[in-house]
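Let me begin by handing over the structure; questions about it come next.
By written order: A, B, C and D. Residues from 1 in each chain.
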Amino acid sequence: MRIGVLTSGGDCPGLNAVIRSVVHRAVVDHGDEVIGFRDGWKGLLECDYLKLDLDAVGGILARGGTILGSSRVQPSHLRDGVERAKGHVDELGLDAIIPIGGEGTLKAARLMSDSGLPVVGVPKTIDNDIAVTDVTFGFDTAVTVATEALDRLKTTAESHQRVLVVEVMGRHTGWIALHSGMAAGAHAIVVPERPFDIEELTRVVGQRFEAGKRFAIVVAAEGAKPRAGTMAFDEGGKDIYGHERFAGIARQLSIELEERLGKEARPVILGHVQRGGTPTAYDRVLATRFGWHAVEAVHRGEFGHMTALQGTDIVMVPLAEAVETLKTVPADRYDEAECVL
Amino acid sequence: MRIGVLTSGGDCPGLNAVIRSVVHRAVVDHGDEVIGFRDGWKGLLECDYLKLDLDAVGGILARGGTILGSSRVQPSHLRDGVERAKGHVDELGLDAIIPIGGEGTLKAARLMSDSGLPVVGVPKTIDNDIAVTDVTFGFDTAVTVATEALDRLKTTAESHQRVLVVEVMGRHTGWIALHSGMAAGAHAIVVPERPFDIEELTRVVGQRFEAGKRFAIVVAAEGAKPRAGTMAFDEGGKDIYGHERFAGIARQLSIELEERLGKEARPVILGHVQRGGTPTAYDRVLATRFGWHAVEAVHRGEFGHMTALQGTDIVMVPLAEAVETLKTVPADRYDEAECVL
Amino acid sequence: MRIGVLTSGGDCPGLNAVIRSVVHRAVVDHGDEVIGFRDGWKGLLECDYLKLDLDAVGGILARGGTILGSSRVQPSHLRDGVERAKGHVDELGLDAIIPIGGEGTLKAARLMSDSGLPVVGVPKTIDNDIAVTDVTFGFDTAVTVATEALDRLKTTAESHQRVLVVEVMGRHTGWIALHSGMAAGAHAIVVPERPFDIEELTRVVGQRFEAGKRFAIVVAAEGAKPRAGTMAFDEGGKDIYGHERFAGIARQLSIELEERLGKEARPVILGHVQRGGTPTAYDRVLATRFGWHAVEAVHRGEFGHMTALQGTDIVMVPLAEAVETLKTVPADRYDEAECVL
Amino acid sequence: MRIGVLTSGGDCPGLNAVIRSVVHRAVVDHGDEVIGFRDGWKGLLECDYLKLDLDAVGGILARGGTILGSSRVQPSHLRDGVERAKGHVDELGLDAIIPIGGEGTLKAARLMSDSGLPVVGVPKTIDNDIAVTDVTFGFDTAVTVATEALDRLKTTAESHQRVLVVEVMGRHTGWIALHSGMAAGAHAIVVPERPFDIEELTRVVGQRFEAGKRFAIVVAAEGAKPRAGTMAFDEGGKDIYGHERFAGIARQLSIELEERLGKEARPVILGHVQRGGTPTAYDRVLATRFGWHAVEAVHRGEFGHMTALQGTDIVMVPLAEAVETLKTVPADRYDEAECVL
């Protein structure tokens, strides 16, 4: 068989591990040929690719980034994108395409599959917000990086007798905030799924100081937002302290908490460091298994599906199901972590 | 309510996270009282305990070991062990006991439960071999430590043009070997569940050198063993090279591979470093959730059960089921990792 | 002898290691008595202290922060500060005071020493800017944390085809920027000691893209500044893009580079994560040696001095010398690292 | 100019950083040409080399091992080794050779230099035992890896109430044992430079248990040995417990301490994990500076020297001086660390 692989969307630890696994399983075990398209769908649309043999994937298992490059280009961005892609698949004699990517990529994969192309998807997102799979690779690395930072910040917050508001990734869902906050013993966690009440947050943090503690750590997903009407913004989009609405939740919360508590509060924005670099052992195993099972699905002709983890098993789920809903943090998980209502 | 907690058996990253979580949930949220028995069942048998309040568990979430101490004493070791334990539970007015431990501890927990004590177990083992739960805390840390070591050993093996045989924990099951071997891209993995054929292993490793590679890494679970009759031991328990049978699988394999391949081979035994120290973020979250749900089970009166992870949910399973069988690596997981037959 | 210890100023990995070492050397080896003042000079001024024996310092060697607490209070802040301190030293029968702190603390230490108190200082700063000592503890940890972040950011910058401007600590000196930038292979480094020319920086970064590279990493010390007149600020303190002058160097540089290069550029501000948490092995050894030698100086009566590393030796240097000048990055060190002129 | 580089001897974190630095400084800054010999002196003797340009050293700064390969071959191993090497240097038109290696390599470098070849050496050893340089790269990484292991082992030793004897690298000198033992707070350290008295060691460890502690950690350099006559070996080379003399110091000490103290004692041998993998930030900076200054020495014609760190400066010292003596742990450093006499 002849298989094409591509990686699309933002950086995510484990991409190279999937590529390597696809090549190992397909080339070594099945005697397939594998090519890799450069820069995601762009490579497919422009017929820009390289041959992937064992040497090409040597030493990449633990390396961050993707040897194939990535871009945010989608076939639907071009009027004749799908047709052009199909043309190249025919031309190159490909029996299957394995796109590795997030929500947008999987939607594109579904579109391509619906138009008749043999597609097997591999889900990728550090945010862990793809439904039908228990976890996606990259998430554990992001949580690990955030937790290590929180561990370090704790002693600093304590020495300086401060509130630190630490902003972690998660525009639409609070998974990274929830897990890193639990892992590091944060004193409050705010997530997009449950708009917070600033009064309640102030009360929770304030209780710590009343109990004689010298510091507090608040973890905020970047997409966390106040409950409607609880933090005032004027028409110009500035809050009551003159701070811009979109300056980032950590900055806003620091200002609010400092004002309300009379304690020094500082924002820390972890940023891109959460999505790059070497994957954790957990993510390498998951990524490797996804790659292996994607090749198996290709050989079984199980197209229009993507790999997913359910319990300890890798299963195949229809792409249609995968992109229907966002996996948000359920209510009982908030309760466990004492997120702020 | 009044709840007693104890930790029993070997060291395992995450024990303190469970203790902390039990105290947070029980004391803060439910207004319970919690005491901790010293050195496992020994503390219960000798009525040796301390009060656990918020201060007692401050700062322990990320710390390895157990603030309660541990021992390998089981109630059944004493003729009147169960009776004595029951007496102390009555005396102290305890409404529940939460023992945190491995197979032996959970068997003891079941025995205590059968004799009428209100017990909720929390499973603990770095080996990941307890049935009915997808994972146990401590396992991810052990795999992470082993993977970091394997990452480092690769460059050394390459520079020295050697075979390294790296022995990881796992007397009865190969989970740590399987996951760390996959995560680090080991060239062969041997596990207890599938006795290996030394000829086959030699062939697999030899192929690498024939293909021009300069080194190979073999990961061996400490309980891995040769298929019957494939490695000769004389009556004195020595192999054909005069090496003792029980010198450890890594040493034996190094000698065999060096002889058969004509390449320098060296054993590395990772040892206790895999079971100590700060837990990974993954293990801290799992341990925290186990503690939280154990307290909830106590409040629901769901005794005779233990916490378990199934998919993304924490569920309660009967202690009877938990200790019936060992969770071994299933055949399809070997195939994914190309373990040696 | 009776010795008082205190830690003053911001958080710095290794403070606990010094405290532990002082107690080990003084109490165990010399039979001294050691007390620790709470929250820096504040504890001395208010006579707020605790006894430090072996148990008090058990398990703190690798822990971040300081068990004694810290504050930015200096004796000179009070009109009768020095007198009051002297009074308490007499009252408590102290034979020596060991203040551990940065530039401000060492100046206070000198003041106290000049007024007749028996003082032996221990220098502390993650910035590595104290003259007369080759290195200070905390610096290696800060560089290590920044380097790990830079390692991760590289794959992300590459995947996203961006310039990342990473701001590290260093208001007056560029040591952390220089070392972490060299260690991570940054493509340009800007430091306070050498005001940069934005044209030159643009040229250096632009060359990479012209050579076909897909990303660039610029490391900027927080105190780095443009050469006079090379970046325009209007009277309101806003630059030509309307960005505030004090928004941070990384934000300003990102905007400038994005405009000038036509490449996406993003700021990352590492912040407090560089100054907290467990110290590296290097810093633990250095801190331990400083503590040991401070006690020896006390026993030799070598007051008015502080510990310093010169080559591989710990020596004692007069406090007067230590605080005279700031240790800046010398010109030849820039050249090695190809810092931008 | 045309410069040849080679790496010789065992693996050492930082080798690639030196190679990269030589290429950056020579090719980019001076417009030189650089070639790399494969597998150390072997490549020079067999004229086996590759061209090293910027692409060849892309992404290797943080990678363990050496892209040039290594071997233990020395020119003096061949009767006409030196002559043959000189012939190839002439043939290739090389203006300088930069060998990077340990004691043996530097001796060979001196031999080559004495015979008229233009040689600038770069010292390399994780053991830190090369005189005239304060530190060598690789040492900090080895100490860091050992310290991380010791940190983890502490909680395990405590939970299991044991003595752990941890063997670290250092056949002739105790630098790694000294620094990792200090950094981790080991309770006793034994090093080759000061043969230990087993009675004294037993006393030191025993005191801890008498003081109510539950565990002890002993760090032993692999070359540590008992003071003559203090541990009995019979003629067959077995000690009184029937253990072989050369089974390794950690195993011997465990057996002795267990017998003498009546406490469980276990050996842990860290092994090769100390000498491989990604270098610490410290080692990357030092290796980079060594490479930079080696190129400068070539351009100044300062042959027959090697790079060395003295204080914070990189200086050039004659190869003759460098290999004269081994740098052993001086007496006052033992005292600081309370090594066992």
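The rule is short, and it goes like this: a contact is a pair of C-beta atoms (placed from the backbone, for glycine too) under 8 Å apart; a residue touches a chain by one contact, two chains touch by 3 or more.
Quick caveat: nothing in here was measured; it's all calculated off a predicted structure.
Of all the chains, the one whose CA centre sits at the greatest distance from that of chain D is A. Between chain B and chain D the centroid-to-centroid distance comes to 34 Å (mean Cα coordinates, whole Å). Once the centre of each chain is set as its mean CA position, chain A and chain B turn out to be 30 Å apart. Inter-chain spacing, taken between the CA centroids of chain B and chain C, is 41 Å. For chain B, residues that reach two or more other chains under the stated contact definition are 151.
Taken chain by chain, the contacts form a single closed ring in which each chain touches exactly two others. Listed by label, the pairs of touching chains are A-B, A-C, B-D, C-D. Against chain A, in their complex, chain C makes its touches with residues 10-11, 63-66, 69-70, 145, 149, 151-160, 164, 214, 266, 268-273, 275-278. Chain B contributes residues 20, 61-62, 134-135, 140, 143-144, 146-148, 151, 179-180, 182-185, 280-282, 284-285, 288-289, 292-293, 310-312, 336 to its touches with chain A in the complex.
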